[in-house]
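Given below, in the form of structure tokens, are the structures.
Same chain, two partners: chain A is paired with chain B first, then with chain C.
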Partner chain A sequence: MPVVIVDGQEIEIGADERLNCIEAARRAGKEIPHYCWHPGLSVVASCRMCLIETGQRDAATGKVTMVPKLVPGCQTPVKDGTVIVTESQLVKDSRARVEEALLIDHPIDCPICDKAGECLLQDYHFEHGQAERRADLHPFTSRKRDVGPTVTLFVDRCIMCTRCVRFTREVSGTSELMVTSRGAKEEIDVFPGFPLDNKLAGNVVDLCPVGALGDKDFLYQQRVWFLKREANVCGGCSAGCSIHTEHNQDTVYRLKPRENPHVNTWWMCDDGRYGWHHLHDQSRVLAAGRRRDLRGNGHGTPGDAFETIEWADVVTRLRDDLKAAGRLAVAVSPMLTVEEAWMLCAIARSIDPEAFLSLGHVPVVGADETFPGGFTIRAEKCPNRKGVEEVLALYGAGGRSWDDLVAHVAAGKADAAWVTGGYPTPWIDDATAASFADLTCLVVQDLFESPLMKLATWRLPAAGFAERAGTWVNVAHHAQSFGQAIKPPAGVWPEGRLFWNMLGRRGLYDPVGVRQQIAGSAAPFAALAGDVPATGVDLRVRQLA
Partner chain B sequence: MTPFKPVLLEAVGVPDGHSIASYKSRGGYAPLEKVLAEKQPVDVVEMVKSSGLRGRGGAGFSTGLKWTFLPKDHPGPIYLCVNADESEPGTFNNRILMEDDPHQVIEGIILSSYATRASTAYIYLRYEYPQSWHRLQAAIDEAYAAGYLGKNIRGTTFSLDIYLHRGAAAYICGEETGLIESLEGKRAWPRIKPPFPAIEGLFRKPTVVNNIETMACVAQIARRGVDWFKSIGVPADPANPRDPGSYGPKLYCLSGHVEKPGCYEAPLGITARQLIDQFGGGVWKGRKAKAVIPGGISMGLMTESELDTPLDFAGPGKVGCLGLGTAAVVVIDDETSIVDFLHNSCRFFAHESCGQCTPCREGTSWSLRMLERIKAGQGRLRDLDLLLEIGTTMGMMPGSTICGLADGAAWPIKNAIKKFRGEFEDYIKRTNPSGWMVTDPVPALQIVGAH
Partner chain C sequence: MKPTDPAITWLEEKPLGLAERLYLPLFVGGLATTARHLVSPKVTVSFPEQRPTVGNPLIYRGVHRLNRDEEGRVKCVACFLCATACPAHCIDIVATESPWPDREKYPESFQIDELRCIFCGMCEEACPVDAIELTSLLDLTGKSREEMIFDKEKLLSVYDMTKDAEPMKSASLGGTL
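Showing the complex of A and B:
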């Protein structure tokens, strides 16, 4: 195995690994500061923050020959015997000078900068900079301009790392951003009339190591040090991008992509990024309700027609209503987690052993969209179709779609139906909903009012994606487990909590326990036993093994 | 010293010397026909290698050796880029060659393309040379008509097209990888190396980048032979194994405070004093030289006492200059302020820095701002230390930048302050009697009201 020597510490790397000095040093626990380098972009080696000393140890004699000048760690590949020195005086002086140079034209307006608190310029200056400012001070300016509908550029804060420019050229392939002018006068800009409006545009804000690119959706909404982050999965489409939900006091402020080499690498799309606002929409269904008269008396506004039921009563009365109605049909929404779907199926079969189970509505918008950098936005706007299908297969209902359920109900083969939703956008039309009009008992569990909910006997609120905990299986059979980021609004029980209680389980809903129970009893989910890594597991791989 | 008969500048002053007829009457294109008929490409490489020709663009790298770095048996295409983006202040030798003897250059390009197996050559021409543009294009057209360019030249399997590309007036396009990026239609940000252009250059194909004067030398070596070329100049220093010698004639661009500025051809190794006295008619107005730039502003400064330094590839380095550069000798007389000189130099490099690497982008601009402040009467002695620190830490040599522009910006700063520190100190003390000793950070220049 090749051995790399980082500050005297020997590190083994894989024989086939192509690492640069930054990556190799990281293995040894040494952080080489860098701005322009990003693992997902091409190497330009222009910020010069990662300058280090390197050398080569002769395998036979053990003698080390050093390169007589500083080299950029990002651009220098390591091989067997590479010597990396990250903490010599020469290196430290060089870092201090680069920090000093970067601050010459920087307004240092941290108190009003959104990036403050998560800014590499701040962090590196604290760690590597010098206390005294030797350069001529420049008057404070904070020129800014829009570069697109979602992104604002604070021109003077920019340190010209060009990560954003390279992103639009290499990953989104849209090339909106460019560098204008020359030398210390250069700026990032767009060509007039061609704004930064691609569907991956928000990533440039994440890439920006300083506060130059601001996300208008987040700008001035919250200081970043108040934010707490929870590793989550985006529910926007079946790609299932790993994300961090960043929130404070049960309010989401922004979503950030979370690095996951198996799913989304470093990126996420803007549909997902800004797709959390529905969580805090005032028109959400916020209480469990039961229609005052069971059929035929549904006049008046829906709000008037429903009587709010305490959740403890929902657990028993819902079961009783469904049992009394007779033949049951259940639509298991692809927005539910594997755990929730599994519990729902169990409840359905305990009420009616012959219950007709099917997949819920799968929203599809357009076609899959793949960008030149390989990132794909899926047309299927739900996160867990694969997972729910696997669960349904366990209950002998594999392959059944929402259309099958609608046909089943329309044909009068069911007396009661339980339709789970959780859809952030309108999903059902009046004609389809009309098929459910003659049921004895219709349970609709969803985020928002819908034509179907107008007909419901039971109106139950659903949880949003950040309010759930559990496991989603994406379009490529990759399963990711995640925790609850925020509590749902007052009056809302996430589906899992209701199902847990309806199954008569004791204590708090335990999604991990349910997952392990599924993994232990069902072969397709065997990979979910034990701890699931933050980047998830591929369900198929473990099956083959 | 025996009188030296110009070879490269032979056509200067010849009526219609830029035409193909005139060039052929002086023996031009005959060597090319001979080479095409009798020699293999490797023979031409060997010929240039053994002549000891070093690139005339500034770095002085062995031309023949550079050609051998091209991958063997590459399926192609291989490109030859000819660097005519002559923007180093004080330099105009390429311009003379392109305007007065373009066919000499073209013959050199054809020979070099044959040697490197390139079938496409690009001439990257500086925007500000309209006369060169017209003359070169006319000469290329003549060469096509005469069958020296195009398909199957002189009945051989060798084909060559030359494209004349006009730049957009940026100094950085003279850096070889900046030139390549610019030719590809991109912003001329020099590339990180490796890979070097010989492996992955223009359009990601093996590429050789050579200077116009180098091309003219190749044509003359083919015409007059390796022995002739090696009989001129300075042989390798036997005490220094890394010195390959400085052979051949060289075009020296003499300008500044001399009586007769101009482009003069002399054997490599002539001293600056000889050049000024024998060709330039001495420093103007009977004055003495204070300093001399040995080879373009980026090479730094020689003082009057260093004027006997031979201007070969090794000479200027021995007195603390960066090198011979483009051999553009600029004379600064003793009535010129070295503060003004450095201010002008810093202004140039701050304007021309491409802005890619932090140390150069900010270093050139910071040093300019300091010089502006010094000139505005707000200088401090401490600024000289800061300038010197910038000068010693910025550039490819300390490893802090991608290309050599920063070294070129650093050398005048470093040389001027080290060699003329007294004058700077006097200037600062005289113009800022109350504040020259301050060491605290200074307030913004804009408040001072200069510029």
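Showing the complex of A and C:
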């Protein structure tokens, strides 16, 4: 195994690993500051922040020969015997000079800059810069430039690391951003008439180490130090990107991609990034209701027709109504977590042992879209079809689709139906909904009103993606467990909590406990036993072993 | 810290001397103090008929004000630093893009809950542009809780009311700008 010496500390690296000095030093717990280098982008070594001293230890004699000048750590690969010095006076002086040079052109408008608090220029200046400025500088307001529908460029805050330019060239493949002029006059810009409007554009804001690129959706909304973050999974499509939901006082302010080499690497798409606004939509279904007059089989006007039922009563009365109705059909939405789907199937079978279970509606928009950098936006706009299908297979209902359920109900083979939803966009038309009109009891659990909701006997609110806890299985069978980021609005129980109570379990809903139970009893989910790492597990791994 | 910690020095109470045991000398001393205060000038005032005098209005911590710049616009840049520093969480700001070319953002709404405020002055300390200041207005009253939540207009009107008596903090008065 090759050995690299970082500040006198010997660390072993893999024989076929290709690391640069920054990555090798990180293994030894040493952070080499850097702006322009990003593991997902090509190396340009232009910011000079990662300059370090390196050398080579002779394997035979043990004599170390140092390179006579500083080299950029991002551009210097390590091999057996590489010596890295990250804390010598020479390196420290170099960093202080880089920081000083960067600040000469910087507006220093931190109080009004949205990046303040998570800005690398601030952090590195605090850690590596000088306390006193030698240049006579005064704060000024940065020039602002509109580079696209979602992104604003604060021209003077830029430190020209060109991460954003490389991103649009290498990952999104759209090449909208470019560098104009030269030297001290360098600026990021777009060509007139070609704005930054690709579906990955939001990532340049995350990549920007300073406050130069601002997300219009988040700009001026909240200071970053007020935000709390929860490791979560995006529910926008079946790719299941790892994200951080950043929220304060149960309000989501933004979503950020979370590094996950198995799923989304460092990126996420704008559909997902801005796909949280429905959580705070005022038109959400916010209370559990039951139709006052059940004789009409669900016909009639909504609104007055429903009486609000306390959740504690929903738990018992819903079960009674379904039991009284007779033959049950249940659509298990691919927006539900594995845990919720599993509990729902158990409830359905306990009410009617012959219950017809099927997958809920799977929304599909367009076709999969793959970018040159390898990132794919899936056409299937639901996060957990694979997981729900596996759960249904456990209950002998594998392979059944939403269309099968609609046909089953339309043929009059069911007296009651329970349709779970959780869809952020309209998903059912009047014609399909009409198939459910003649049921004795129709339970619809969804985020928003729909033609189906109008026919419902029971209308139940659903939780949005950040309000759930559980496990989602993405299109590549990769399962990720996550916690609840924000509380749902008052009056809304997440599905898991309702199902937990309907199963007669005591105490608070415990998604981890349910997951352990599923993992222990069902072979397809065996990989979910114990702690699931933040980056998730591949469900097929232990099945093959 | 334990009682046996060597850093602690334990002192014994001094035994009472003859004067203390006799009680009379101390009794006379107490009476003398009372007599001195009977004849010394009064320091209390009959508020509210009589106004107390504030020693230095520039450092007094009373009702807040939001300062205006030379053009009469609110000076605040909506950086939230006062709200961050506030230990009582009584400042609520909604920021938005400013309509002026020379400023990036400004507060669309700026509210201080004066009932929640503990008048510690941390907001004034935190402000990078000396926009929020505490005045020497000390009799703060209202008929309802809602009335005591001061909005931007009200805070600006406090500035208009007090700007002549209490000049805005400048560099010569220890300000940052």
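Operating definition for what follows: the second predicted complex is superposed on the first by the 535 of 545 C-alpha atoms of A that agree within 3 Å, B and C clash if a C-alpha of one lies under 4 Å from a C-alpha of the other, contacts with A are read in each partner's own complex, and residues count from 1 in each chain.
One rule holds for everything that comes next: a contact is a pair of C-beta atoms (placed from the backbone, for glycine too) under 8 Å apart; a residue touches a chain by one contact, two chains touch by 3 or more.
Keep in mind it's a predicted model, so treat the numbers as computed, not measured.
K.L.:
In the superposed model on chain A, is it clash or fit for chain B and chain C?
P.N.:
They fit side by side.
K.L.:
Is A:69 contacted by the first partner chain B, the second partner chain C, both or neither?
P.N.:
A:69 contacts chain B only, not chain C.
K.L.:
Among the partners chain B and chain C, which is in contact with a greater number of residues of chain A?
P.N.:
On the superposition, B touches more of the residues of chain A.
K.L.:
Examine A:159 and indicate which partner it touches, taking first as chain B and second as chain C; both and neither are also allowed.
P.N.:
Touch partner of A:159: chain B, not chain C.
K.L.:
On the chain A superposition, what angle, as a multiple of 10 degrees, is formed at chain A by the C-alpha centres of chain B and chain C?
P.N.:
For this superposition the angle at chain A equals 90 degrees.
K.L.:
Looking at the overlay, does A:512 come into contact with chain B only (first), chain C only (second), both, or neither?
P.N.:
In the superposition, A:512 touches no partner, neither chain B nor chain C.
K.L.:
Taking the superposition on A as described, I'd like to know which of chain B and chain C A:223 touches: first, second, both or neither.
P.N.:
second
K.L.:
Could you say whether A:96 touches chain B, chain C, both of them, or neither, answering first, second, both or neither?
P.N.:
A:96 sits against neither chain B nor chain C.
K.L.:
Just checking: does A:179 make contact with chain B only, chain C only, both, or neither of them? Give me first, second, both or neither.
P.N.:
Touch partner of A:179: chain B, not chain C.
K.L.:
Looking at the overlay, what does A:111 touch: chain B (first), chain C (second), both, or neither?
P.N.:
A:111 contacts chain C only, not chain B.
K.L.:
Once superposed, minimum distance in angstrom between C-alpha atoms of chain B and those of chain C?
P.N.:
Minimum over all C-alpha pairs of chain B and chain C: 14 Å.
K.L.:
Mind sorting out which residues of chain A both chain B and chain C touch, each in its own complex?
P.N.:
None.
K.L.:
Okay, in this complex, where on chain A does chain C touch?
P.N.:
Its residues touching chain C are 109, 111-112, 141-142, 144, 219-221, 223, 225-226.
K.L.:
Please output the residues of chain A touching chain B within their complex, sorted ascending.
P.N.:
Going through chain A, the ones touching chain B are 43-49, 51, 69-72, 75, 93-94, 97-98, 101-102, 104-105, 132-139, 159-160, 178-179, 181-186.
K.L.:
Note which residues of chain B are touching chain A in the complex, please.
P.N.:
Checking each residue of chain B against chain A gives 170, 172, 187, 189, 192, 350-359, 361-366, 369-370, 373, 386, 389, 393, 397-402, 441-446.
K.L.:
Quick check: in the complex, which residue numbers of chain C touch chain A?
P.N.:
77-81, 84, 95-97, 102-105, 128-129
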